[in-house]
């Protein structure tokens, strides 16, 4: 279960990498429901395979799920707590403005560094952004894509081990790019889909007090909800800027409805 | 309401940025109707979130509406009066003739500067022009687009806050580019749609005197109008070049009709 | 009316710019009919707006019409007689063989120079050629297009005024490029469409003598004509190379018929 | 008529240009039928317009017709005999292997040189090859095309005159590129289409003797023929390699039939 | 048969190349069924042709089959045991991040080196990756493709012999690229397709003990299986991370089912 | 006939060119049937035209036929035996890895050298490879194509003669590229299509002994065959690696059947 999954982690990553991981975990990992626990457990299992299997010195996992569902935070959480001596986050903002060869060069260097260390983790955040994907005209950097495809399949030298944790909001795109086969495993990260899950998240992060949670639940129970944890946090914070505290739950509900994240009451 | 929204502003921006903001506000912000007040209030709320929320140190708003509807002036108005120590306008004319890497580099530097300051506002004016969008052949700079997408999601360092105010006349395009999800909130800026709104605008800006307003209203009341505030000002000024003053209202009506901004009287 | 439109002009442009303007006006401006007068009057009105309105320091007009209809000559005529201290013609032949960045750079410099002067006119001749448009494969320089789009909307500094006169034979293309909205006004330049108009033009330019005009009119009266003034001049000159003078009117009619510029007599 | 058209020519071009012209006229200009005479007369007329008209100091003619029909030789013939002090042939083989900017630069220099001289002719040979046109994927150099389009419309300085003679086998392409309008006149060059025309050509060039001509005519009279003069010469020469002289006419007929240039006897 | 095919091999390759070959053979070549033996025998035959035929000094074989089916390991195995003095593996990870000319240059150098030696083998691993193929938008490096096409058909100098072993998961693509004809022979590498084959592989590699093999077989016998040997190894290793040993066979079955590599029991 | 065609050849080419030609003729020219004799005779005739005709100092022949049909060897054979003082083979492997301008530059230099000599032959081998053609996405180097198109039509200087022998497996492509018209003649090279032709080839090259030939003929007589001479040689050599000699004919038949080069016996 969830507590177990967390307690199985051993020693945290260190130094600059740890700072980078921290920056991706501003609001922590809240256990708002079983999908969170399941994803965490799957990740732990792959982490052990990377650590212990001789026949597969290279293990690569894709964390995929809707925008704002918490993919990046989850990957950062695993990387932080796996206890691997080498941990590196490779995010699109690291290479913003780089041209294509420079991007590949940067990514290659990260992988080269990683396999030089005996036991390494690379978080490859937001693949579609790393490859500059845009749906209008189906544009992307094939140069970066090919580099990534080769590097996530390149085995480390004998005796070394590498665990790659990639994230993406576009599983369908990765399928069309024929890169899904390159991963050892694919793990799904879910949106919140029920009022109770939202209430649990709001309460655990101290966004709403008990009374506000109660009101929110009363008004949304049974209505279809579909929202990522990151978006829920942002909308709740926006609602909290209302002039009067009692307006906040209604405001949040209004924002969710406008976003079509919450089913309207009577329809 | 509108007066409130204006009075809630605190101290204005300063220096060169203030000049730039002033240049975008030639004809001020006239309260020609409730859509203006509503948009202003929404902006204030997001501004407070950017200022005060710990959980969301990055807030980004998209002001979208038809061409000439006053998006740029509105963004400049908010930025000018928010009282943030760092304010920067990033407009297409700043980077005219730059090649793609130079554009991204310029934009990146603005964001880098902004997050170095503890409390910052960036006005990102006319996204479709920044990315060199042209509908013929669906051309655009994917390099600039990707840079913008990464930068408006990159959180400032711990303790710092950033408020991004972007404008665009092409909400549908931004949707196709899958960039809408990257904004914290989307605010609609409207065209004038009724004769009374046009009269209020013409009077408050001293474009027409009372008699001219009256004549204009008499001849247009009840007819469908659809025009941006910037275009209305331009057409009124053109009409005012008529040789005789009494011709002016009729002239304006003619220009609006030719532009298909005003429904013809009997059809 | 036409004479008025001409007499309202004040002092002419000077120096090299004046030479350039002269070069575009080889055959002068002949008043072959009411469309000429109307277009001239519209231009004068916009010129006054550019000169006098405080609220619109930037006025931009598009002269559009069929190939050879006299757009360039008309723009040159207005620019020459507006009495603005700064006048500049920006034509495709100025930048032939320049690469895209050099073209934008050249265009930008012209606009930069213009807004440094307090009262300026820019003639932007043949937009489709400036942007290297070719219908086969819908090719064009998006770099140049974007530069033009930004520059014709960039307001001059406080107290300065700018009048842009652009020409194009492809209104539909400019619509597809979404650049039409960027102009303050659009003025149509017409082809000659009736035998009488052609006769007036041939006579006023001393291309045909009275007898030749009479014969031409007799043979073409009532037949549909559709030709630009520039093409009419070229065809008349060609006809005048006939070995015998009496053949000339018939020759011109033959050339127009071959060009499908003149309806055949019996069909 | 034909003899007249030839005798109207005055003094020939000189120097290196004359050599270049000569190289394009290996087999001279044979008057194989009325289409030849007509095309020659039209060219003379335009040449006079270029020489004498004040109102049209720039005259440009397009010689268009099927492959091998003799377009280049015709243009060279006119240029050689027009008696203009400046004559220049601009052919694809002059710029083979040049990149696009170098091509435009070369073409521009030819035009610049030409308009520096008071009375000039430019032969612009094989436009589709100059612009690197390939039908597969509709590829072409838009850079070169735009340069050509601007240069053939750029008027020479006051007092100077320019006559441009362009050739092309792809009138339809030039129409799609919207360049046809840029020419003062379009002159059609024809294929041979009747047995008598072929006989006249074979005899005048001493390719076949009287007996061979007779046999060829007997066997082809009344059958549909469609062949360019250049191809006819090549096929006749090939046939003349037959081991026995009496085989030659039959051989030529066979070659023409295989090429589908000559209708089969009984069908 | 299989043992024969292995024993026919003579002396192994040496030095750095041998290391590279070893790295591709982590889990050896297990004889899980007749398709393995057949492919090995075909390879031996071509190897002899390369070694002994005077009329065909260049022999090239394509090993093609589904992803993970063991193509690379098979090619490495042949190359290692052929006893050729020159052996070189050319894999995508050798040229990751190279631009197109650098890739071709690298590939050309390998071929140049190879034909300098009298008897050489080149393993050209993963052609689709070498040419940067991506199915989205059918992108690939035509520069690299053309280089490969020319080099695999270029005969070695007199007296020298070359054996090229290429691998690919995309036979259909190679067909569309019209490169299949360039190979002397095409050899198919198969997936495992029956439970017995999987059991044999798991047992021979000591992944499962006898009891686990038995359980696995019991639960999967008769169900449709479709999996590459490499994927089978990875999934088995993953399953072996289960907390309790008795869970392992079930876990593997679950993973195969999720991957749609194993038919569900009742359907 | 065939012997005649061979005996008509005079003195062979010399030096490095001769070596290059030799390298393309490893297995000689075997007269396996009338298509071979016919193609040889056609080539001789064109060679004479190139040598002797004054009116056509430039003759160019395209040898086209299916892959492996012997086009290159045939062109090399003619070039070797024509007795021209300048002979040059221009093959794709000469320019592998060159960029487009370098390719054109190389090709141009070959043509420049050739026309400097009074009597020259150029073998332009594998046009589709020279222009980097790939059917997937219809890619090719238009730069190289245009260079080739211009150069094969550029006449040599007065008194000089040039014979161009080009080869291609893609006549249809060359038609689409509109380059077929540029050749003086087109000569078809055929596949073997009957069992007797294969037997003659196998026997003359000593690939099969009489008994093997007999067996092969017995088993294939009357079955449809469709194979290029080069492929036949390669398959026969492969078959000859069979462990026992008596298996060889059957093996070859199996290979041809697998390749769909030989119709199956009963269908």
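Residue numbering begins at 1 within each chain, and the chains themselves are lettered A, B, C, D, E and F in the order written.
Convention: a contact is a pair of C-beta atoms (placed from the backbone, for glycine too) under 8 Å apart; a residue touches a chain by one contact, two chains touch by 3 or more.
For clarity, every value in this text was computed on a predicted model and none was experimentally measured.
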Co-neighbours of subunit E and subunit D - touch as defined: F
Centre-of-Cα separation between subunit D and subunit C, whole angstrom: 34
Subunit C and subunit F, separation of their C-alpha mean positions in angstrom: 60
Graph class of chain-chain contacts, one of line, ring, star, complete, other: ring
Order in which chains appear around the ring, subunit A first, subunit E after it: A, E, F, D, C, B
Contact footprint of subunit C on subunit D as seen in their complex: 45-46, 48-49, 52-53, 55-56, 101, 104-105, 108, 138, 140, 142-143, 145-147, 149-151, 153-155, 158, 173, 176-178, 181, 184-185
Touch list for subunit D against partner subunit F, complex: 23, 26-27, 67-68, 92-93, 96-97, 99, 129, 132, 134-137, 139, 205, 207, 233-234, 237-238, 240-241
